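In the two complexes below, subunit A is the common chain; its partner is subunit B in one and subunit C in the other.
Then we have the complex of A and B:
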């Protein structure tokens, strides 16, 4: 796995982006989706994912729904209206960051 | 597709409870995560058995899982204080202060100094009573599980209990000397307003759990 610290700052944006693309998702599903999309390069741990989800919930960016699935209860997360707007902002910030890093890391390509 | 049985789910739930994940709302999500991971491992290699996969998972991930528990509680406290603040700054709070002021002012004129002294001294203890009553209602009448949001409210009550205690110590000399009635009325009105806001918050938190987590049954 690549340096986890480099991804840490983008975790919230990754979560928001995935939730924007789906109607609703649960914690384990998010970890597996990220793993599949990055071909195993990025592995989000429980200790990082759930605190981030709960923080977003506390900020009112996510709504939750508890549903009984296969003998257990599952907590689904979905974006609120506020969360939808925040996702656009966060994605824009991330794109700007990537552009800036591109300039710094590979100045020739960026010209 | 391998799916865990009800007993296996209960086993995970009990294990987490014994690992001090006391609150049902936090544990529920952890149980689902662990169960999903175990099912995925069992589907990948059907020769493996539940207990071996569970043990291996816990050896590698228990610390990470419990870290989530601590962080969750911090977030819940933050959420409670944010909701309380939002409630206090509502215009309805201002109306409550005014009404409480008028009521206390009226009552104080018809109350003897000894009775007032007793009432003021009883105020901090009396401020905790609503929480105890609402907590008992949520557990016994609504039959709710131990939820983090409801139990962490006790922290808010204890904080305000200390604050009210300090206010009472400050007021005591004015009540004893029968002076500065205006200060007594203002402070008592504020205590009443804060108490009403905390009671309303407690009620709304209990209602949130009653509707959002109605499928979580106490063990």
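Then we have the complex of A and C:
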């Protein structure tokens, strides 16, 4: 796995982006989806994922839905209207960050 | 594919309790996560027993297990509680309730303008003190009864019913400072205005946290937890 510290600051953006692409997702599903999309390069730990989800929920960016699946309850997260707007902002911020980093690490490319 | 039984799910709930997840809301989320993990492990290693698969699934939570998640959840829910409190407080500064707030301010201002203002301030604190103590005991009892009845403990419920005591402690930790400074405060016009504003806000915060939010707890719990009425 790549340097986890580098990804840490982008965890919220990753979660919001995934939720924007699908109607609703639950915690385990998010970890698996990230693993699959990045071919195992990025592994979101449970200890980082749930606090991030709960913070986003407390901020009113995510809404929750609980459904009985098999013989247990499953908590789904989905974006609120406020969350949708925040996702756009966060993605823009991340893209700007990537651009700046490219300029720094690969100056020739930016010319 | 091997699936978890109802008994396994019950065991997972007990497992989360054993690992310091006290509240049902977080237990439910952790149980589902663990269950998904165990079933995925079984898909890869079908020969593993339930306990072996459970151990493997729990390892993913790291050496601190659920503890970090519990602590962060507490902080997030605390924020949510303050949000509810602030929402209620704002209502008292809008029409029509602002009339009550202004009247209350006028009562405090008039009282604190009298020569006996220092004694009145002490009486004000004493009255609120007795009331908060009485309410704290009542809310603690209510919380215990609710827990016994449902056998479940919800984090927001605990904050609503127990948090107010913390508010009372913060409030009264300042009592000696206020009494010590009361002589200086009541000598100026602005001093009396400031004390009256603080008294109005404190009265409201205490009223909201000890009376209003516990009364609204069912609505707030249903709003916060979709599974509350399941």
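The criterion applied here is as follows: the second predicted complex is superposed on the first by the 111 of 111 C-alpha atoms of A that agree within 3 Å, B and C clash if a C-alpha of one lies under 4 Å from a C-alpha of the other, contacts with A are read in each partner's own complex, and residues count from 1 in each chain.
Throughout what follows, a contact is a pair of C-beta atoms (placed from the backbone, for glycine too) under 8 Å apart; a residue touches a chain by one contact, two chains touch by 3 or more.
Note that this is a predicted model, so its numbers are computed, not measured.
With the C-alpha superposition on subunit A as described, subunit C and subunit B clash in the combined arrangement.
Once chain A of one complex is fitted onto chain A of the other, the partner contacts of A:51 extend to both subunit B and subunit C. Across the two superposed structures, the residue set of subunit A contacted by subunit B and also by subunit C is 26-28, 32, 45-47, 50-51, 54-55, 57-58, 64-66, 68-75. Touching subunit A in their complex are the following residues of subunit C: 3-6, 9, 28-29, 31-33, 35-37, 40, 60-62, 64, 68-69, 72-73, 76-77, 79-80, 83, 225-227, 230.
Every residue of subunit A that touches subunit B in the complex is listed here, in rising order: 26-28, 32, 45-47, 50-51, 54-55, 57-58, 64-75.
Across the complex, subunit C is touched by residues 26-28, 32, 45-47, 50-51, 54-55, 57-59, 64-66, 68-75 of subunit A. Looking at the complex, you find that subunit B touches subunit A at residues 3-6, 9, 28-33, 35-37, 40, 61, 63-65, 67-68, 71-72, 75-76, 78-79, 82, 212-213, 215-216.
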